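I've put the structures underneath this note.
Next, two complexes with chain A in common: one pairs it with chain B, the other with chain C.
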Partner chain A sequence: MKGSRCLHQLKSLRLLSHAGRLLPPAAGDNGALFRPRSSSQLGGLQCAQREVLRHFHSSPACTKGQPARFVQEEDKTRDKSLVTHDDLFEQVAKEAKTKATFNKVIDVYTKGDIRRRGHVEFIYAALKKMPEFGVEKDLTVYNKLLDVFPKEVFVPRNFIQRMFNHYPRQQECGVQVLEQMENYGIMPNIETKVLLVQIFGEKTHPMRKYQRIMYWFPKFKHVNPFPIPEQLPEDPVDLARFSLTRMANDWDAKVTVYQLPCTDVTESGAEVTLPHIVGIQSPGQMEALAKHNPDRPVFVEGPFPLWMRKTCVYYYVLRADPTPPEEKIEEPYDPERCLSYPLQLDLDLDRDLGDDESFDVEDLDEGPVFAMCMTSQGDQATLNQWISGLQESNPILGQIPTLFRLGAGPRELQGVGDADSASRSWFPSHVQREEAHPGEEAEAVVEEAEAVVEEAEAVVEEEPRRSQGVKQ
Partner chain B sequence: MSLLRITHLPSGRLLSAILHHQRLLPSIIPLTVPKRAVIQGEYKRPGQPRKAKFPWKKINFNFSKGLEGIKKHFTLLKKEFTDRWVGPEGKPIVEHMLEQNRAVWEFRGPESLGEWTVSSDREIGGHSEAYLKLGRNNNTCFLYGTLSSTPPRDGETRYSGYCTMRSKQPLASFDRKKHHDWSSFNTLHLRVRGDGRPWMINISAETYFSHQKDDIYCYFLYTRGGPYWQDVKIPFSKFFLTHRGRIQDDQHPVWLDKVNTIGFTLGDKADGPFQLEIDFIGVCKDYAHTEEFAYEAYKRNPEV
Partner chain C sequence: MMNMNRLIVFSRTFRIGQRLLGCHARHAGKEELRLQQRRSIKTHSRHLAYAKDLFLGQVNKAEVFPYPEIGNDELEEIKQLVAPVEKFFSDDVDSAKIDREATIPPETLQGLKDLGLFGIMIPEEYGGLGLSNTIYARLNEIIALDGSIAVTLAAHQAIGLKGILIAGNEAQKQKYLPKLASGEHIAAFCLTEPGSGSDAASIQTRATLSEDGKHYLINGSKIWISNGGMADIMTVFARTEVEVDGVKKDKISAFIVERAFGGITSGKPEDKLGIRGSNTCELSFDNVPVPVENVIGEIGGGFKIAMNILNSGRFSMGSSCAGMIKKLIELTSEYATTRKQFNKSLSEFGMIQEKFAMMALNAFVMESMAYLTSGMMDRPGIPDCSLEAAMVKVFSSEGGWICVSEALQVLGGLGYTKNYPFERFVRDCRILPIFEGTNEILRMYIALTGMQYAGKILTGKIKEMKKGNIGLAIGMVSKKLRASLGASVDLGLTGKDGVVHPSLEDSAKKLEQNVSLFGSTVESLLYRYGKTIVDEQLVLKRVADVLIHIYAMTAVLSRASRSISIGLRNHDHEVLLANTFCNDAFFKNNYWMVQLQKHSPENNDANIKKIAKQVLENRAYICSHPLERTY
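On to the complex of A and B.
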């Protein structure tokens, strides 16, 4: 690899450079001390090519190629007032905050002083400003930042220097750059390694940190059994589709888009935004719903949070209470359902004495889940729409009473910080209910309203203080 | 990777030669490495005064509580004596030897919540919250709250935003430390229902030296989210050694004969509400798993 060849060349050239450094800086010498000697030989590396030959005694303003807007900075430095490195970034920040402007600030700094005075403070300021400029996940920017360090000055030259933490501030600064890379999960590359060797040498703290990153990151890169792509889909319908398939964990589950988001203008001129409604149901769930006893109600519960990296989406669930044991009928497997292999085997597979692979824990039966949906607006009207959409494929929903157990809306969830936060919960046992709106909309579903309400209240053991929204 | 980012604690591996604190401009991250004590004591929150409480003032003289305490401890003592006649750890020896699964923590009532300690970065001045209660039907434990990664303004802490639930150290009679003995098992089996956030499981074992007090063996717990329960099986060979949130170079497998506590930590830098529901935590013996340790042994001076 080109990089490793660079390393070998560096090692051989360092012996030459040691001889070179003993020469005092002559007036005519163009500050070449701080240019890596091997720059001419390592043509492929970015870092080497950006070094600018500067005359030792000439003023910075004479340098070609500096844009005019930084002239005011030169005036400032001539004022000899204290200017923090943050100000450099803040000045540029008044324009666009992009990678290009960030790189420009670094260039201004590196070309400003051949000795790179205050480079540690500059690098710390740059690390702090990276998220504002949006470059915190960019490896090239980190390499460019590491390039700010003068090369070969901090490399320990004998065993005493190696023992005694040579240039500790700079080493700590290098470690902090790598730590920010580690925080954002960015894997360094060979260029980082070459830079670290040039700047600090081998067997120093930044190099050890680099080795640790290179050891542990590959080990933990694929440790997530449910990986999430770096870039989640922007479109809410696509995002809902992705997250529903993720939760459903069933290849046969089918995603249906019941409504696409659109903005309608009604006759009165008011804008009505229709939210998207995306639902998912698998054939197994459809069968289970078809076999569901119409006397027992089903519940629409939600919203429940689902986090994917830094985005949180909310989903709603259609489920029923578990059937009491006396009503459970175990249907025998229909042998004609699958002709390639028998679904039920009556073999006496006695395991070894004491071989028990199951836990002695009572099985939690929380009731079947029939369908899930995601929508941006989680009020009863939208969920009613979802249920009516579901009814097209599950006609039994017309006879089953549907109760809505909706919790606090997503917007209220962000502001959890008051004293009541302890009482809030996502699950219906302690949830605040929406008030019932009887007869708010005429639904296509036909139901016996009062009889159903009585049955529901008798059947469902809930505390009387809770109000139930009954679909009419 | 998102390990616990408590870097306000002294990173002892670095820069022991720094003794001067440079007064840098406030916009720059200050690098104060405090003097390390010879014995690492309790964590002292930065800015808190050292409260000098006389040892006799710490004892609480309360008659009814004292009576309860005596009753509790003597019951435990009696149980310990009689258990020895039944078998090791109170189980018949056949059961102890052939045991393949053991549900160590099951949340079947409010008293099971008393075995756990919940904390968040509120202790160091942060703004996260974490609460623990019983889940639906009193059958599960429900850990919920909000994460906030704004670091506390004490000048030292740089990252924040974590919450954790840790089991209490099992105690024998008279508050003597007891340990979990999981030497005949090799896998941790959990039944959880999360919201898609990545958690970290921390196992803390009994150590000898005081410097090893914060040695924790960690592994990731990735939840899928959704309404379905998730069975998670993690072999103990996958747990790596960390100290105060930093992964160590010298790795070795967790010694299962004296396990003190298990804990769950969330620190994934995503601000917002979180929830985790746990049905049970058990250990089992997976005969198909023959790996002893997933990470390589330490080489003292690895070449670059």
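On to the complex of A and C.
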């Protein structure tokens, strides 16, 4: 209801302004039609407008003849019309690539040529340039771009036109605008709809496209149960905190900042940058670690990549091999456990097959993960610092041998040209490009876990290297 | 016509009455003989398995019919006891003040002591009143008029000193009971700990034997101890090291701890919603030396003692709630009959009438259940009525809560103010489903105890069936078919050897039908879940609910039959109540049992679990706000 009301208002307003804009250069007899009308007579006005517009592109023969004359006129008045639309953007881009300049280009175009000649080419060019100007996610810009299309002209007026593809090139272009919006996840609004109705009319291809977008976008909006915010935290510590919480997905897990990043100057004058170390551990993990058999080593593994939108961060885990079956002790049932009711029934009856709703899933014991951390510097010294921090709340770590199985650290930044990565290059542990995959090495290490432990390869470091008070 | 009917009913009544009383002479002179006879009936060996037998679809009618009676002299005694207590409670107890000031004034406590209410069940040789469970229940009807006093007294004698009473040795009894009976010393029961409610394994309080072997040193802290601030004698449960078969193990032991031993500090009294006058606080024990002779029972045997104490203390809640509701009916009916709206008094409105009927029904059922259970407990031997007591507790605590809130509703806004006692009753009543074992835990207890009992007996049969014994299966199917075709179930409550009065025949039939269906439901549940039924809490809840309602039906039928037979005043009203309740319970039971026969996707259990899981995973209500939009 509201939509249609809005539509109507906008339509009439636009018509007015349109009419106003049309007036000065239009032929006198056309303009005369408007003058006596007041804005209150919208219905009449619309009819009049329609007539005028019909006149606007009346007979093909006529339009064919006209352009030549117009071009000549344009040539006389402005040099710019010779310039291709791409160049128009290039010219402006020399100053600054902002939304304001982008809008200016559109304004220059719309005001410059009342016939909007070549508007399809212009719109294609603009679409291409949008990411460059950083307006690819701006709905108002898309609407402004759609506004470039002349109104009412392409609206089919009879069933034959409606049946066949009326002004296919223009419709195609309109669809392309919507397509780009879709690709960037921009949801059109009611103004877009109004524009599309005015430009192409109901039940045309762009309108269908619009409807499809409006059908699916809201449905997909919350489809991700773990949404990532549009703006990731800038501070590496905050980012680590955010990504660790996200991975742990445990309300009780506690994030501890073991070390804040800071720069120190040593006595010798050398600058030392201390990396940040942020870890996460839940009470359940602490409990599991406390129950861990101290004879079996725990491993610090990493770095593993975690992608969040266009950012990749790396994390390290403290884990152990799955407990071998012979070490698993099931707690015996204690009949004196519950004061109120029997916790187990002393019956020799099992669940009937018909009520067994469990799935037959092959269980693969992966071994427990006791804690996770993120740091900007994945060397052993730094990770050792994390382990000593953990030891404060998990005293048992002092007795368990800790092995470091570290893969090659994240590779150097690639694709520095990316605007985003340039601004974040001070944070070495995340990379902006998909190519970086240091996780592969880490996985290899995991696969060869046993072998690695025995052969004590370069990546493996025995716990004694850790200089700590508490020893096995 | 009416007269004729009445005449017929009367003559029937007479006959049944005769039958029920059997050869009991009704002459005053033969009172002695009658008592003796009853005693002889009492002493025969008993299984006490009424509730458990229901799980097998059997009605052990000898257990519950006829409704237990007390002797005339005992009745006389009760009347003598009740009158002064009633007077004391109406004249000398200012419940509003107790609630406001969150303390029971010393003179009120003294009054209670003088009445002997601190030692109702302590035998006379130790200075108590030595009364039976039945009379204890009767007194509780009055005591319950003030929640704070009721809880104080219950914490003292229903749990606090119960340990000494049921498991203490002679010396301990001699030493402690007299002072406890007189109220000179107040008792408390210390079991709950910050990390442990029903979980005995997480009791942290520890008792260690001193080097000289004469004392145990108790360390730890206990929370939510009723009377904790004023108790002089405490039953404390603590972990002790016990050697079993050469292996050292931690086991729970019970100790009698005097405050005078030193090292006990009580925390600030808790600020509670209701029962504000009762003292609840934290107690911490710091190296409290307890002489070895103060161990109750044997060392390491605390678990059984705790369980027995808890199980035996519950039955009185039925009469307490009934007493409270009876009082509420008096208070609200006056308002409902005098208050006028649209030139009609409130009592003429159907929805108000419904509330009163509901209250009367609930009071009647609770009373019937409570005194049936107390009567069973009073029989000689060591009756195990824990299942029945738990059912009484669950039914009455929930019924009580509904009644109290409906009573308040009758008064509307007035009831919500502090000018009337209803808001206090509502607050006080809220504790009932929580303490002495939460209703959830008791439901588990009720259902699992019965399942265990039935499972033991049915295992063989079910195994045969699972193996594909065709004979058994055909028997089962034909039984089910017969039942579904409406063949009446006869468990012997009515008819030739019937124990139920003919005017209750319909209700008795409904009970029989329910019991028989319950039996087959239990069987199919055991067939389906086996021992994994422990994890099916939603199933167990329904099982418990059905059982509670079957027991309630039994109680009202038994009571009303007796009332008609001996011609108690207003027994026709009892018949009305009994029939109404049975009708209602019959439908409820059928509904629950139909649900029990379905699988979880059909009876909503799967959905309920899923909803809860999603909510709990997010620790929030996760729906989007209805005003939210996506575009």
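One rule holds in what follows: the second predicted complex is superposed on the first by the 310 of 472 C-alpha atoms of A that agree within 3 Å, B and C clash if a C-alpha of one lies under 4 Å from a C-alpha of the other, contacts with A are read in each partner's own complex, and residues count from 1 in each chain.
The definition used in the following text is that contacts are C-beta pairs under 8 Å (C-beta built on N, C-alpha and C of every residue); 3 or more make two chains touch, one makes a residue touch a chain.
These figures come from a predicted structure and were not determined experimentally.
Engineer: Tell me which partner touches more residues of chain A in the superposed arrangement, chain B or chain C.
Structural biologist: Between chain B and chain C, B touches the greater number of residues in chain A.
Engineer: If we overlay the two complexes on their shared chain A, which of chain B and chain C does A:V175 touch? Say first, second, both or neither.
Structural biologist: first
Engineer: Just to be sure I read the superposition right, which of the two partners does A:F217 touch: chain B = first, chain C = second, or both, or neither?
Structural biologist: Touch partners of A:F217: chain B and chain C.
Engineer: Let me test your reading of the model: by the given contact rule, A:L347 touches which partner, first (chain B), second (chain C), both or neither?
Structural biologist: second
Engineer: Now for A:W251: first (chain B), second (chain C), both, or neither, which partner does it touch?
Structural biologist: Touch status of A:W251: second partner only.
Engineer: Just to be sure I read the superposition right, which of the two partners does A:E357 touch: chain B = first, chain C = second, or both, or neither?
Structural biologist: both
Engineer: Which of the two partners, first being chain B and second being chain C, lies in contact with A:H205: first, second, both, or neither?
Structural biologist: In the superposition, A:H205 touches chain B alone.
Engineer: Both chain B and chain C contact which residues of chain A?
Structural biologist: Comparing the two interfaces on chain A, one with chain B and one with chain C, the shared residues are 217, 354-355, 357.
Engineer: Applying the document's contact rule, which stretches of chain C touch chain A when the two form their complex?
Structural biologist: Touch list, chain C to chain A: 191, 198-201, 251-252, 303, 306-307, 310, 437, 441-442, 444-445, 448-449, 451-452, 455-456, 459, 462-463, 466, 526-534, 599-600, 619, 624, 630-631.
Engineer: Per the contact definition, I'd like the list of chain B residues that touch chain A in the complex.
Structural biologist: 1, 5, 14-18, 22, 24-25, 27-29, 31, 94, 98, 100-101, 103, 106, 127, 129, 131, 133, 135-137, 139-140, 142, 144-146, 159, 189, 191, 195-198, 220, 222, 224-229, 247, 249, 269-270, 272-275, 279-280, 282, 284, 294-295, 301-302, 304
Engineer: Across the complex, what residues on chain A touch chain B?
Structural biologist: Interface residues on the chain A side: 84-86, 121, 124-125, 127-128, 164-165, 168-169, 171-172, 175-176, 182-183, 185, 193, 197, 202-203, 205, 207, 211-212, 216-217, 219-220, 223-226, 243, 246-249, 304-310, 312, 315, 317, 319, 353-361, 364, 366, 369, 372, 413-414, 416-417, 421-422, 425-429.
Engineer: Taking the touch rule as given, give the residues of chain A at its contact with chain C in the complex, in rising order.
Structural biologist: Residues in contact with chain C: 187, 189, 214, 217-218, 221-222, 251, 334, 336-352, 354-355, 357.
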